[in-house]
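Two complexes come next, and they have one chain in common, chain A, joined by chain B in the first and chain C in the second.
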Partner chain A sequence: MMGGRAVGMRGSEMEGRSSAVNTPVRRPVTRRSKSYGRSCVEPPSLFWQTPGHLTTLGHRIPTSRRAAKSHNITEKVDPEQVALLLDGEWKLSYVTPLFLFRHTQLKLYSKRLAAFIIAEKQQGVAVEVGLEAGFRVSFSAVLGMAETEEDAETVFIQIFSRPVFGADGSKPVWQGWLTCVNGDPEYLRSLPPDFTSLPLFCSRGAESLSALVKSWFQRTFDCSFGALGLSSSTLHWLAALWTGCHPAAGIRYLKLGWTMPTQPPLDIEYSVDPQDAWELWNSVHKEDGADERISVDEVQSFINGLETHFFRHFKIYLSSGTLTKVSTALGSAHHHGKIKMSSSDYISTVLTLLTECALLKTPV
Partner chain B sequence: MDEQARSILQRIIKKTPSKRLETIIRSWNCLSEDQLHSLNYSQPKWLFLENLVSRCEVRLFNGNVTKTEIKLYKNHIHNPNQGTWHACQLFQAEDDALSVHFTQFRESFIAHLEDVVQHVSVGMKKLEDGAIWVRIAWGDNFRKPNHLKPTYLVHYLQSSYVFIHNVTPKHRPFLYQALVLATRHVSIKECHLSSRSLTAMRDLLMKQYQQVVFLVLNIFPNTDPNIEREHAESSEGRHQMACEAFGCGVLPKLETAVYKLETRYRGNSNNTLNDGDELFRGVVKFSSKNILESLRHCVSTGMAEGPVTPLLSSITQKGRNYFVITDKVSGATASQTPAPKA
Partner chain C sequence: MALLTPYSKIPELNTATLLLVENEEQFQCRLADAIVQREKDVNVNVRLARKLPLPVENGETRPRIDLVVFIVNLLSEQSFLVVENSLNHLSSDYFLGKVCFVVTSARCGAVSQERLLSVRKLAASHRCPVICAEHQTDDGVTMAATRLLTILKVSAGLSPMPTTALYMSTLTRCTVPSDLDED
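Our next item is the complex of A and B:
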């Protein structure tokens, strides 16, 4: 297998895996049954009564993170595939672990999903009736995105429409990907065999197709999806992470956007000069050499600084509104769960943060 | 009908909703009753255009072309999404400035403009509310005046404000010069006020919006009467402040305000950055369907601390929505209050 690393396969195939030991003894019975169209995910407290082994994700909100490091990801990942990830804005969702998902079956999944979409369309459900004769689906593995042993490899899905009148359906009408980057190792190790965790789902394209893809995944792998919004603390982290990259990458600006709950609603966009933003960040963040960790206090201090400077001028309490977006030349993030990454050098950092958000949000 | 005139007409027809077409065409007074009746408004627009053109061939674009075009554009331009207007102000009126009337202004303006710009086509019309609309199509030695991208200018005689839409940097000096001379003033300056809504700007600058004060209690949503009693005094105070700063009643629909900050950093106090003389540069942009109402609401609900900072109240007090904020240095001590630069 290329890349020298086996794709994430769960179960007894992996030599020397400790998952067999850590697997909780009690497994909820309902989880195993394949009930199509019904989500089997029950609230954790009822079934996952495993004090030591399974990590209760609620306690794992980190108080510090690694600083954003520039990673030449194209060394590990095919540059063409990287380009697909950088091309535009993605809508975020979280996914619960997939049951019996096999990276070796991607071709089969492609055919099955295509058939599913066509069948649903013929029933007149959800998909806009167009001149398409059908759909072609392509599942592919984006090898090299995984950062640790526990991460499963990223899976990229594209849907192409086959127009009736001969034109080449080579431009995808829908794209999506599932990924896990630096996922919490304890949690991942504790998953029962046959479960694969790819908790972050990014999609772009017609909402009807997104719904169909999710529906198919739910039926096939017994998982469930949920909207992943980005809280202000996540947006704060991104603001600090990106600002810290300025000397290396040139962020060009740091833009923060708030919405105030007035009648009519008021949008406030504060665009900070990048050098000044970086100097402010540098004054609150003590570079501690090799480890380069960023603490949540430093992030808070940074944001407080900006909000206070704003307050001294306008006397408006930004905290009475909602931070809705953060953007720099390296990317942008929106409170409603949208992300755009513009620089391949920092993909891993952003995805690590988003994977963590997805895992925290996942009910199981 | 010449090519350009036809394009203009086509554009108008395309953008006007069918329901309003009849009213607009009627208002041109270019067709006879019979001709008007013979038009079929439910036709597809391209067909309608052909029919209209064949009837208007002779009458519409004979005679005073530009006057008709202004009629065509007046409704068109009131559509708020048609680009941005900028406000300017005339200064140092000569003794006879107040006595300038429409005919005199028109003759003078056109004469001065034609003096400096060859090949320019100017149309002017005075409306019932006293506004003078001027439409200028610019040409040069090689091109006829371009009627597809005209500059619009609106001026209220006896006021010192002029509103300009779509003028290139190249033509602006000529426009200013003609304006200054025709209105009998000495100079003209930009107001740092721009918006898509001409009416909002006009109302803001000419203070046509201060109306009856609403009763305080009518504005707040229903809350527990005990709480309301407790807070009545402070909320009344906030409401008073809000109205003083921004006005009462219905406010002009200004959509944005931009502040360029060039002040020293004023963040947390336990921060080394505070000692620097370095500027902490940034740009703050407020936007809303009606920022004045939003800001007033901020103040009256306590989202903004009182007293209202001059940065925000300057929008209404000075009638502008673009500011550069620098640190004010008064005498020996540097003041902590940021001040808007003129």
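Our next item is the complex of A and C:
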């Protein structure tokens, strides 16, 4: 009898365990992702595996933006650091969120990155051949660039080479910075607590050093980098934003560069007189009064105006080529992901646009 | 304005005619060759055009067109504008399953997302399917040809199962999720 009871209990225990194992597997799981062949009817979803906010980021393309306002950024940020940012052309990449990145440990990071670079350069060399140049790295935080509370502070990285013969090593051989300006607040709030999002990475200098810095970041903070190209719609926005700034800060010229898909490829540079560009922009853009928002239709009409004018004179459809370059006195942007900002007043507007591009491009 | 109409001519026996409309004329020829080579049972005629309206001179000799395929290259804005204009020259009977959109270079990183979205919105408003095609590899061209042949056979009335073009297009039409925040 006792044996019988024991068997009965064991049976129910086993049943309890097996039911606990079985139920999670039964629930149908569909993952929504921006997949290649998504042209047919969408299947109804019953259960999302990932939190909904992260996946909807890629679909919300903004249709209107704030007009470029001139901010005197030197009030908030050290002017020397601003001068570093304005210095030349930067190459853009997007970064996925960094895990356990602490703004308080920047000195430690600089030492580690310097050691990593030296080790990588020495890899494969058994005996020291030739002059050995050391590297000094400095990480600094550029405070004041962040616009909202959710933005993380900008981090500026410089690599100086330290030559053996004691010459002055204060000229940086490589510079880069990670930033987030006006990032999508819902996305930033939905990140798990240990993650910092600094989605825009700008770099200038030797390509080999860029690759080393990126691989160090990937190993230390488990993030990944990718090339950020500026699509033609981003370049249209930049052209419209910069033209809109003409009365406040003269843009001096508006140059647009196109590449036509002919054999051999034809490069067209279209320079517009700033006053004419401003008048065209003014006729398209309705002044809203207090809240200056620019809508994507206005930008499209502006660019259509420029293209039809060109067609009328040269009988070439500019829309069949790709827009590669936009430049004004306030800055220039290239299709391959290069940006140059020449005026400190409009940095935050341009960076907001670029942060948004980086966030949209980041694979979630 | 002469509209292209699907039912104004008598169909021929065991024949289907396809019209490929593309502004750049890059993908048309390869796709046409692939389609003609794949199909052995049915006579498939493929006609190529750069845009609609089609030239009036050929109007008499042109057979009845069973499927109009618009090829949009996402790398150029002009491609999309030409397709938009061409849609005005089709009779509304065509949109009951005899029109299809093919999109190339959709996976290219340099393409802005808005262009694909606008093609899909255009297709959704006309209740037509959108096929994404890979035009650079032979496999991609063959795959696109196979898919188009399936749709062509249904719209020409040659499929063995009693399927109508309207039924098929209702199943395969492009949908654009209007608001994705409901989850």
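We take it that the second predicted complex is superposed on the first by the 301 of 364 C-alpha atoms of A that agree within 3 Å, B and C clash if a C-alpha of one lies under 4 Å from a C-alpha of the other, contacts with A are read in each partner's own complex, and residues count from 1 in each chain.
Keep in mind that, in the parts below, contacts are C-beta pairs under 8 Å (C-beta built on N, C-alpha and C of every residue); 3 or more make two chains touch, one makes a residue touch a chain.
Quick caveat: nothing in here was measured; it's all calculated off a predicted structure.
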In the superposed arrangement, does A:Asp276 touch chain B (first), chain C (second), both or neither? first
Which partner chains sit in contact with A:Thr322 here, chain B, chain C, both or neither? Use first/second/both/neither. second
State whether A:His335 touches chain B only (first), chain C only (second), both chains, or neither. second
Just to be sure I read the superposition right, which of the two partners does A:Ser231 touch: chain B = first, chain C = second, or both, or neither? second
Give one of first, second, both or neither to describe whether A:Leu360 is in contact with chain B, with chain C, with both, or with none. second
Is A:His309 in contact with chain B, with chain C, with both, or with neither (first, second, both, neither)? first
If I apply the document's touch criterion, which positions on chain A are contacted by chain B in one structure and by chain C in the other? 261, 317, 320-321
Give the list of chain C residues in touch with chain A in this complex. 23-24, 75-79, 81, 106-107, 109-114, 117, 120, 129-132, 171-175, 177, 180-181, 183
Within their complex, chain B touches chain A through residues 259, 261, 263, 265-268, 271-273, 278-291, 293-295, 297-298, 301, 303-306, 308-309, 311-312, 325, 338
Using the touch definition from the top, list the residues of chain A that touch chain B in their complex. 260-273, 276, 279-280, 283-284, 301, 304-306, 308-317, 320-321
Once bound in the complex, which stretches of chain A touch chain C? 32, 36-37, 39-42, 45, 48, 52, 56, 58-61, 227, 229, 231-234, 261, 317, 319-322, 335, 360
